[in-house]
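Structure first, then comments.
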Amino acid sequence: MNATSQALAPAERAVELIGSDLTEKSLRLHLEGLPGVDAVGLEQRAAALGTRSIKTTSKAWALDRIIELIDLTTLEGADTPGKVRSLVAKAVNPDPSDTSTPRVAAVCVYGDMVATAVEALGAAHGDPDSGLISVAAVATAFPSGRASLPVKLADTADAVAAGADEIDMVIDRGAFLAGNYGSVFDQIVAVKEACRRDDGTFAHLKVILETGELNTYDNVRRASWLSILAGADFIKTSTGKVSPAATLPVTLLMLEVVRDWHRLTGERIGVKPAGGIRTSKDAIKYLVTVAETVGEQWLQPHLFRFGASSLLNDVLLQRQKLTTGRYSGPDYVTMD
Amino acid sequence: MTDVSTGSTPGSGSGFLDYAPAPESTSVLHLKQSYGLFINGEFTEGHGTPFQTISPATEERIAEIANANSADVDAAVAAARRAYERSWSTLSGADRGKYLFRIARLVQERARELAVAESLDNGKPIKESRDVDVPLVAAWFFYYAGWADKLDYAGLGPAPRALGVAAQVIPWNFPLLMLAWKIAPALAAGNTVVLKPAETTPLSALIFAEILQQAELPAGVVNIITGAGDTGEALVNHPDVNKVAFTGSTAVGRAIAKSTAGSGKKLTLELGGKAANIVFDDAPIDQAIEGIVNGIFFNQGHVCCAGSRLLVQENVHDEVVERLKERLSTLRLGDPLDKNTDIGAINSREQLERIRELSDIGEREGAERWTAPCVIPEKGFWFAPTIFTNVSTSSTIAREEIFGPVLSVLTFRTPAEAVAKANNTPYGLSAGIWSDKGSRILAVADQLRAGVIWANTFNRFDPASPFGGYKESGYGREGGRQGLAAYLESAGWSAR
Amino acid sequence: MTRLAVPKTYKLYIGGKFPRSESGRTYEVMSQKGAFLANASLASRKDARDAVVAARGAFGAWSSATGYNRGQVLYRIAELLEGRRDQFVDEIVSTEAVSKSVATSQVDTAIDAWVWYAGWADKYVQVAGNGNAVSGPYFNLSTPEPTGVVAIIAPQASTAGSSLLGLAATIAPAILSGNTVVVVASEAAPLAAISLAEVLATSDVPGGVVNILTGSPAEIAPWLAGHADVNALDLTGAGELDWVSLQVTAADTLKRVIAPETGVPAPSLTRVVALTETKTVWHTKSLI
């Protein structure tokens, strides 16, 4: 535990909140002063939100909105250009039997697949708020984050150069659990800088906390604040490679942080639960949790995403049931 | 916070949060036009003037209910006495337990039906009767079933004996749950029962009587007689009753204590409360807000142990109140049978008048009133969640039990002051403590004069956990091993 | 023409499944009149080892289930036993050579014992645990907790009327508090044990909570007594073995030991508590 007086990178939000004397020490004091989380109460609140009964028109709206908020993901060592093209085709046309089906928000791939994804998207590539599809790339030695900072920054820069609109980075959990909040902070600031393009715009930065490894809710609250202070556009629960991945309680907690940040500064930060959300039923619970914690305007691509792969097909099956009145099956939705 | 959304209109026009109706169907019910009294294993006609039970959400009639006059009370007590002497007291504890296990199972099997009936008759949201009330009812019977053949271990000496016939009068706020709290331990301990449900909420008890028939409980072991205050009075004062158990208002409890004095009847009372929910500055804040909301708005505040006084540490008062108001903006008030309803109907016109009256007094005495922005339906009895700030310890609304969704907010400076203010009441049923510091929670819990203390939670009930009050909140405990004591002989209280 | 029966295969019950012995061995189970009944699995030390692994694997979830939940599971087992009364009666009649009414009485007693124990699951803590009035500003609470994996030598054929009842009388008190068990059934009358296993497999009890080995207690017991991952050894049915040397072996790992009993043990809370550990927690109390 070496809380030093060394100055941290002067990220704007952190300086605003904590002051110009921004050090590991002052950051730590701030994070440790945040209110605690009672896990039993948090989990009960999440469970209660999960009892909302979303039917008929609300359900139809919810299913469409879920699709519009999905980052359709493939992150396998075995990913090939063919696999990525297939994913993109699915993203652009989720249900060939129903052209009213909305498109997903983004495709999420490894950095070295970005160029393939961009090319495959073609004219469909663009801002999801306008109904187009963006390309998100995982970076910073995803999923473990265990590499030197130069390697992680190069990983990021490559993806940005290849055309990624969004970067999903991982925090250094080892540094976090060892108490080196300053190191975690500085890394995020550096990655954010690596998202800067030549024309001065930035790729949007999602910061993955890997809540399953942070383990306690108090740690998740601190890591959420830390990430926002360091410049995150989105805070994201998980890589999907570690269990538990996204859960309703942990997402609720992150939404509460985002709500508190908005109260404090007026600024809106996005939240992305990723991994383990496979059914429409579960996804609808997340929509309810968002709406009742931060409000409905968070249910838009620039403020909320689902990191998912098999979820899309389950939503399509539910959509088909709503339109045809009968239960559907796996033969009636396409593989990606 | 909850702005109008972009995009299409899911519910009734303004956005996703306006969830489309999700009604629980009443087709699971098999209601009769009229119900008789359940005496000696059968439904028989009452001899008093029948009355209607209505849905407090719509004011529509549900069914006609029999009214037990004193002759009916006599018949019920006689049936209970006969059953006690001839069948129930001759059964082994194991067999009594088996009947209780059957009842628990049947409650589980008919859970949906019971939950819908409860919400229809009482006005509480189906979400609560389905997820809280009915599961606890089954659990209560399961728990006490296991005690029936283990009374030696109850801590009341070897082979403690039952008292005989128990007269039980229950309130309208948790109709079926209060019935379970009364009947389960009484039967486990070997007594027989005559129970009077509240006048405005007889329905679930009458369906429960059908369950007793399905369980083939010997006739007369449980008798359920509907009626109003005079039925209850006749019952508790009946000379052939050995035990009286009452849950309801402190005023009526006092009257019962007086009228049973010297009668040899063992008495337990579970009365009103004005619980303090104490929030320290180091509370886990989001969970504390949930706990405050649950503490006073769960069941429309019709809870004897409701956290009706918020004692918040002065240095976090403004933040807590602000967060509370924000949280209340997503509470949904409306049709109790809609699965998304959080706040149901007030149980009766009388209760609604009382809540209004006390709230007006609160305002007149200088407290600041804030009401959640709920759309109130045209018919039925409704009161939107209300918060009073700037309340002091001498305010009427800090002293009197309102029994509605009204929260009085007071402040304190130190833990000792919190304890003093919390204890400064003739009541003593429950209290809540919110803090991240274990030593403080335990020390405060030590000093609170309340029978149930919840730390970083509120309104949690379990058949294994004793419940009951200090001081004018009553005496005796329900639940747990301690809950058996009320129904067994002990020092000073023998069966006649 | 009489109908040709479909005889049942009797295997071991480990981890919620029904494997044959890894050794491939079986032994003949004969009726008391000397007729062939079945080839039962003859469990080996490796089966015992696997059973302990299964029991340990199931302990975490079973001991963290609520008492209410465990009580419901045990009650459900009683419901299923009730539904299968006739089958058990038949097996007891053939293996114990008793009349149908004696067999029925044993089955009824076993079911009732099971119900009695089910009712303790959410209560024994209230009777065996307590707050303690220590001298100082401390909250102090003692609670009995399950000891872990319990190896049980069930009553053997020499104990009359025990092929089903002996199992109920030893298994139920062990598992209601959250322990998981490895049971060595009656060597000569193992059929009721495997039928009980079928009941368990169709109840809500998770795989691995109860594991049943058929075969030779003399062969298997020493391995269980010496196994470092077994926390307690119930020698109730080991009276005919060299049980003292089993106890000596168990002493190497300081197992809690229950000595043999003649006859089937009566329902007893002491038996439940004997397989628990009392944990006492202190916490400071201060207003300031």
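So that you can tell them apart, the chains are marked A, B and C in the order they are listed, and the count of residues begins at 1 in each.
Simple rule for what comes next: a residue touches a chain if its C-beta (ideal position, glycine included) is under 8 Å from a C-beta of that chain, and two chains touch if they have at least 3 such contacts.
Keep in mind that what you see is a predicted model, and the values were worked out from it rather than measured.
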Task = May I ask which two chains are joined by the most contacting C-beta pairs?
result = A-B
Key: Most centrally placed chain - per-chain CA mean versus overall CA mean   = B
Ask   = What is the distance, in whole Å, between the centres of chain A and chain B, each centre taken as the mean of its C-alpha atoms?
value = 44
Query = Could you state the distance in Å from the CA-based centre of chain B to that of chain C?
reply = 41
Task = Could you please state the distance in Å, as a whole number, between where the Cα atoms of chain A are centred and where those of chain C are centred?
result = 49
Inquiry  = Please output the residue numbers of chain A that touch at least 2 other chains, ranges allowed.
reply    = none
Remark   = Residue set of chain C touching chain B in the complex reads 67-68, 71-72, 75, 112, 115-116, 118-123, 126-127, 137, 139, 269, 283-288
Task = Please give the residue numbers of chain B that touch chain C in the complex, ascending.
result = 94, 97-98, 101, 139, 142-143, 145-150, 153, 155, 414-416, 419, 438-440, 442-444, 446-447, 463-464, 480-481
Remark   = Residue positions on chain A within touch of chain B in the complex are 35-38, 40-42, 44-45, 51-62, 64-65, 253, 256, 259, 287, 291-292, 294-297, 299-300
Ask   = What residues of chain B sit close enough to touch chain A in their complex?
value = 1-11, 15-17, 19-22, 127, 131, 282-287, 290-291, 330, 339-340, 436, 456-457
